[in-house]
Amino acid sequence: MNDMTSGAAARFDPALRERIEDLLCDYAHALDDGQIDRWPGFFTETCVYHVTTREGHEAGLPIGIMRCVGRGMMLDRVKAFHTANIFEPHSYNHVLGRASMALGPGGDTFACRSNFHVFRIMQDGRTDLFATGRYMDTIVLDGGAAKFEQRIVVLDSRQVDILLVLPL
Amino acid sequence: MNDMTSGAAARFDPALRERIEDLLCDYAHALDDGQIDRWPGFFTETCVYHVTTREGHEAGLPIGIMRCVGRGMMLDRVKAFHTANIFEPHSYNHVLGRASMALGPGGDTFACRSNFHVFRIMQDGRTDLFATGRYMDTIVLDGGAAKFEQRIVVLDSRQVDILLVLPL
Amino acid sequence: MNDMTSGAAARFDPALRERIEDLLCDYAHALDDGQIDRWPGFFTETCVYHVTTREGHEAGLPIGIMRCVGRGMMLDRVKAFHTANIFEPHSYNHVLGRASMALGPGGDTFACRSNFHVFRIMQDGRTDLFATGRYMDTIVLDGGAAKFEQRIVVLDSRQVDILLVLPL
């Protein structure tokens, strides 16, 4: 599941780690602030964004809860969010743990894993634990900026709220 | 709401980031350990400490849930905590996400934002989610030490427990 | 309880901080991924692993909820986990805050403290807050690798679930 080691992490240039940690952090803040229009910009043009459960991930199932292949699909999803969806307004609050990092094959991609706890706040103030899980990311430098080539969101629980309006 | 970018963060001297992250971390640990007497020492003499809701913050409302202007008001509050308040003993446990950072206007202040999840533990052991939200900080170097010039605590929920005895 | 300061942290070599943070992070990820066999390897041969409550810790009580002295006891515990225990399958999700760090006496050990929030996910998907608390660690460099010489897990609540099958 996770073959990253402290040793692998030690090969990381500190400045590179900072850029990657900033990407993870900015992504979470953008969603928590409701800036969904910024969401596709965190990914490369050819990205994969995939939300699945731990069970599905360990079984290697290709079908998950949400899947976007390419930034175009993400833009469609953002448009749908603005126009088509009917839902009770809410926001998220993400807190992530430190990421473990390893060089990917070829040495020009970075495999990162971080845990998250996300609470969901409804408009009337009700706050519930929405999801716990981990991000399994492949990150690249795309014209100088760190971006997600692949972001797999592995939810710990098989009980997933249908209301996944905002991406995680 | 949040115009910090990864680019802005890249301008940060790593040693400065460490000092700021240590301030954020020490502040949380001090409160969680019940060391409320240390609380005013994390701020400058002319500080503003303000707790508000997201709704109030976005509407620009000046009145929040708790507001201290100047370290003197904070010291009064600490004194009240020791002498006047009647409440059920409890403690907090803060976990913060990584902070995003940007240079403030003039280049000698630092604008930081970090998410938090705080649980409250009552004396009998009951543990509840107490608050989720974000710290919006203006930090300065005050005689070599990083201190809060302004700390705005933006709570996600409009349902705020009246029992805000300890600061957040 | 906690006499670490920002000043003490400033003495830390950044590369050393990275190695220690990686240890804390890898430990959490290993447990969350169910890799309990890796657990003893995070400790020195002569380690102490101790889980207690805040109340017990502040009273200096030597008896806690779980205690292992030496890696041999940890290996026994792992064996028991695989063979003897009967329990409902579950997993954890740890998120830790940043660690505060200070040099220990002699200058060759490192005293670290970090807060944690741990959720427990049962096989049917039920997810509950399992524990909040702090790690109080003594870390050494053991043949180049950062390891725990002592890890004291101080739980905030006196209400501890009997089902502490997996270590925290």
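Some points to look at:
Every chain is named by a letter (A, B and C) in the order it is written, and numbering of its residues begins at 1.
One rule holds in what follows: a contact is a pair of C-beta atoms (placed from the backbone, for glycine too) under 8 Å apart; a residue touches a chain by one contact, two chains touch by 3 or more.
Nothing here was measured: the structure is a model prediction, and the numbers come from that model.
Homomeric contact chain A/chain B: same residue numbering on both sides for under half of the interface positions. Chain A maps onto chain C through a rotation of 120°, based on Cα atoms and reported in steps of 5. In terms of their C-alpha centroids, the spacing between chain A and chain B amounts to 27 Å. Multi-chain contact residues of chain A (touching two or more other chains) are listed as 14, 95-96, 117, 129.
Interface residues of chain C facing chain A in the complex, by the touch rule stated above, are 14-15, 18-19, 21-26, 28-30, 32-33, 35, 91, 93-96, 117, 119, 121, 124-127, 129, 145-146.
Per the touch definition, chain C reaches chain B in the complex via residues 1-2, 4-6, 9-10, 14, 17, 54, 95-100, 113, 115-117, 129, 132-134, 156-159.
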